[in-house]
Amino acid sequence: MDPVVLFFLLGVIARLLKSDLRLPEAMYEGLSIYLLLAIGLKGGVELAKHPIGPLLPQVGGVLLLGMALPLLAYPVLRHVGRFGRPDAASIAAHYGSVSMVTFAVALAFLVDRGIPHEEYMPLFVVVLEVPGLMIGILIAKLGAGGGLRWGALAHEVFLGRSILLLGGGLAIGWISGPEALAPQAKLFFDLFKAVLALFMLEMGLVAASRIRDLRRAGLFLLAFGTIVPCVFAVIGITTGALIGLSPGGAMLLGTLAASASYIAAPAAMRIAVPEANPSLSLAASLGVTFPFNVVVGIPLYHRLTGMLHAAVP
Amino acid sequence: MDPVVLFFLLGVIARLLKSDLRLPEAMYEGLSIYLLLAIGLKGGVELAKHPIGPLLPQVGGVLLLGMALPLLAYPVLRHVGRFGRPDAASIAAHYGSVSMVTFAVALAFLVDRGIPHEEYMPLFVVVLEVPGLMIGILIAKLGAGGGLRWGALAHEVFLGRSILLLGGGLAIGWISGPEALAPQAKLFFDLFKAVLALFMLEMGLVAASRIRDLRRAGLFLLAFGTIVPCVFAVIGITTGALIGLSPGGAMLLGTLAASASYIAAPAAMRIAVPEANPSLSLAASLGVTFPFNVVVGIPLYHRLTGMLHAAVP
Amino acid sequence: MDPVVLFFLLGVIARLLKSDLRLPEAMYEGLSIYLLLAIGLKGGVELAKHPIGPLLPQVGGVLLLGMALPLLAYPVLRHVGRFGRPDAASIAAHYGSVSMVTFAVALAFLVDRGIPHEEYMPLFVVVLEVPGLMIGILIAKLGAGGGLRWGALAHEVFLGRSILLLGGGLAIGWISGPEALAPQAKLFFDLFKAVLALFMLEMGLVAASRIRDLRRAGLFLLAFGTIVPCVFAVIGITTGALIGLSPGGAMLLGTLAASASYIAAPAAMRIAVPEANPSLSLAASLGVTFPFNVVVGIPLYHRLTGMLHAAVP
Amino acid sequence: MQTHARKLVVIITESPLESSLVKDVLALGAHGYTVADVRGGGRHGTREGSWEADRNIRMEVICDAPLAESIAAHVMQRYARNYATTVFLADIGVLRPEKF
Amino acid sequence: MQTHARKLVVIITESPLESSLVKDVLALGAHGYTVADVRGGGRHGTREGSWEADRNIRMEVICDAPLAESIAAHVMQRYARNYATTVFLADIGVLRPEKF
Amino acid sequence: MQTHARKLVVIITESPLESSLVKDVLALGAHGYTVADVRGGGRHGTREGSWEADRNIRMEVICDAPLAESIAAHVMQRYARNYATTVFLADIGVLRPEKF
């Protein structure tokens, strides 16, 4: 098993055994700033090597994917899960959006196995994150009385820490190009996987602490949090193949589709849909889907890609 | 003098001159999490190269050493130092347990000089830490009225941050092995000594701030904090030679025996023996023994090893 | 444009767009401790390669420069800017003192272009910082009633974090020499530029948040904060040439002269000259001069050096 | 030395509301405010700051009694329904009545 | 708007006691609590947080007068002898009496 | 259980004053103090801790009424003119009168 996953399990075990181990909040924040910038820079450097024109149809395809996912999740939550409109919309937005750390683990999975993939994939993270949040908010507000402060929301979505650092890193990497960024590479690229391991320790602590909320939320969320990622992965991998990504790239897009947000979405939903209960969506995305993806999902999606990618004409 | 020691002295000087230099608490915690994991991972990777069977007798020897040390320290504290039972037991537990940073400095000392040693020594750190704490608590409670909440205590001892991270690192290193951990090596192994230097700056600041407490505690603790480590080092080196460690390994075991805890022990003792005055034990372990070991002790124990190791049959 | 500057601009943009991006305070402090130590160590290692004797006249020249700068700035602030004595003295002290990060950016500028320079320049940072603060305090207090607590002030100036870490790093580097510090190099030297980039992100956030104060302070400070650095740069470059520095060294001295303090000076002035309004001096040094130097000044001073250095006999 | 009676309004609530609360409180007429990071537990479960979504702040506002009432009422009406919120008031004395 | 009289119990003590205090306070019947990290000094010397062993917390509990008394008495009896501890009570007003 | 009336003095001011305030307060006769890091806003603008120069602390001192008065007066006279400062007093009850 990958050491990155072992660090995650160490965190889970520590919390389940009620150890008082805690990463200081500033360290957690510092590590996440580092990861977002590093992923962005890496993607930007690769983007600088490609002409942008041919990428535009791919961006369009990913945008459509991002809008489709929450629209698929919502009716399941509303009618099968029997959640009220605000909770269903909020959870849908979490699953329409993405988890950066899941993406990083999948990236490390491919790099370790030497599997090639489009290096500019971080661009698609941004493209996928935004519509997920937007559609989730729209669903919650349409039909519900009360005006929607679009300005505040666009601000929350586009200027939230995740998009800003990832997008900023992309831009800096793109403008600077590989040579100018060489002195940065030792920190941002060479140390990436080890910093990810430290971050996964924290993720383990946090994910385990969500398990209690889960017990209250019941069986439906457990099923939802494991089945939906698999379905979304299939949709994402197929989309990737259709827009011409390599198997590695399609697998990454599938993982992104399968992942659920637990940083950007909770913050945006708390402001846009305050009536939604935040512990439901976090229990599902952080307590179920994140561990599932990291331990079971990523190797599974890799296999699925092997079967699906060749099947797409 | 080793730069690591110079960083320590810079911290001591800064505090004695009443500079307001302070490492932020989160940075201190982050550095200590790093050091514990790095030491554990390194040991685990080496452990993966050895069959476990032949190590078991060595583990047994170190366990016995760990139980003997606090039992030796206690009567001295009680009868020569004239401390009450709680204080004597608490200080004995501090000296029965170990200091991770002292171990790290001794490790760096050997690496710098190219002196070979058993690379799986971090295993013995865990084995030595636990019985020291347990025996200390037992002494305090036996005879004293009032029940002992063993559950809470075992929890405190085994699931305290130090043991958990060190043991977790050992396990991850052992399961993963050297190849899988190669991408982690750049952070956890190559940067180790420099991070240790930063940590030593903080240790200097903290150790110097304990000197005031020491003045109140008097001459006995000063003598205790310098003589006992030398005696314990001799016992540790001899034990190391007897259980078949190389001179480098025996010197590390001696340093571990000579070192006194100032992280795990204070936390455990505050809960197990609340009547004990925590500033006494910290003044001794942090204000006397830590600086003594780092500046004088480690080179001394290295010499002692030269004399003792050959003498053991 | 250098990635380091792009990180700065990312911070500025994030703040102007009112993003909630913030580096945790502990991270900011940790990064600044790292930068100060790294610069000091680097300088100290180089100092170890030189005999000290021949440097003394250079040190003398830099000391004179440090005393001249605030004395030049004060009358301009008092009579052109029409500030009261406390504010004029406080701002003069900020501009008489130096900005470590500006120095680090200029250093990276030279290293990137392979331009040689005296590697012991960090020594001059210390030599330039102290007289600037001292003279500023003296101006404020002379003539103003009320005694001056010299002890407390010398303490504040010499034992402030900046001087202590920079000086401590210099001393450790000097005592240890290049070989003993080799294991530290991977953290302190190889990662330097990337850590600087992270720090510049924070500087961008903070500098942009000072712009509001600037609006209240008016046009004079805007002019002062851009013209004075250019004049001081010319004086610094010329001084550098006169005391025999290489063009690269003279350019660094010019940049130091042109830079204004925003860490040591605000802290010292708040205690020495409490009547001065701290937001005026910070708006100028952090809101105007720092961005100006980083974006426009450093390339400009590099050109100026080309013209001036040859002209000095 | 004479002290002047004022009210201290204390609001303990979810961190993301900070900037919005500051705006509201100043708009209602307060001259200042003080905020600290805290953790806690109550009807909405444990908010120990173990995740970004679980952080609390504690805001103090010193003001006269009528303003204290309107701040408390505003917070109850706008935030207390959907957000973990605790509000209490205390009688205090200040030295510079014109400041608060 | 009417406020209802309640007590605020404030406990300042050593950090390692936090989880134990939370358990005790809830067991005694409090509906919530708020904790902040602080530093300080008193009879047990300076506790400036310069070392892990030297950290203080400040816990606030809002409750009715009888519960306030029993919380204060419990803390005094269980912790105050061996741990650096300060306890005080204040009169406050709350808006939702059923909550506290 | 009987409580004894004391005063709580709360001082909110700029962080660099902390060590100086601690010295003053103990010199005036207080037996202890508690300090927390806070942020805030008031007459001197927003002090959100976004820069080293912009940090606030909040100090609490429990003492008898005359000492509370002299602490408050001293702080007003020595610091309030040039530094961002807020001081208020509250009535509280303590359990161990000899301690404060």
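Note that the chains are named A, B, C, D, E and F in the order they appear, and that numbering of residues resets to 1 at the start of each chain.
We adopt the following convention: contacts are C-beta pairs under 8 Å (C-beta built on N, C-alpha and C of every residue); 3 or more make two chains touch, one makes a residue touch a chain.
Because the structure is a prediction, the values reported are computed rather than measured.
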Quickly list, by label, the chains bordering both chain B and chain D.
A, E
Using the touch definition from the top, how many steps at minimum link chain B to chain C?
1
Specify, for the interface formed by the sequence copies chain D and chain E, whether it is same or different in terms of residue numbers shared by both sides, with half as the dividing line.
different
Top of the farthest list for chain C, CA-centroid basis, is E
Going by average Cα coordinates, which chain is farthest removed from chain A?
F
Counting only Cα atoms for the centres, state how far chain C is from chain E in Å.
46
Could you grab the centroid distance between chain A and chain C? Build each centroid from C-alpha atoms only and quote it in angstrom.
41
Rounded to the nearest Å, the gap between Cα centres of chain D and chain F is 19
Please list all residues of chain D that touch 2 or more other chains.
36, 90-91
Among the residues of chain B, which are close enough to touch at least two other chains?
20, 24-27, 30
Output every touching chain pair, sorted by label.
A-B, A-C, A-D, B-C, B-E, C-F, D-E, D-F, E-F
Touching residues of chain A toward chain D in the complex: what are they?
22, 25, 205-206, 209-210, 213, 262-263, 266-267, 270-271, 274-275, 278-279, 282, 286
Partner chain E, residues of chain F touching it in the complex:
1, 3, 6, 8, 22, 26, 31-36, 62, 90-96, 99
Which residues of chain A touch chain B in the complex?
1-3, 6-7, 10, 13-14, 17-21, 23-27, 30, 108, 112, 190-191, 193-195, 197-198
Residues of chain E defined as touching chain B within the complex:
14, 16, 45, 49-53, 82-83
State the interface residues of chain D toward chain E in the complex, per the touch definition above.
12, 36-43, 56, 58, 69, 72-73, 76, 80, 86-91
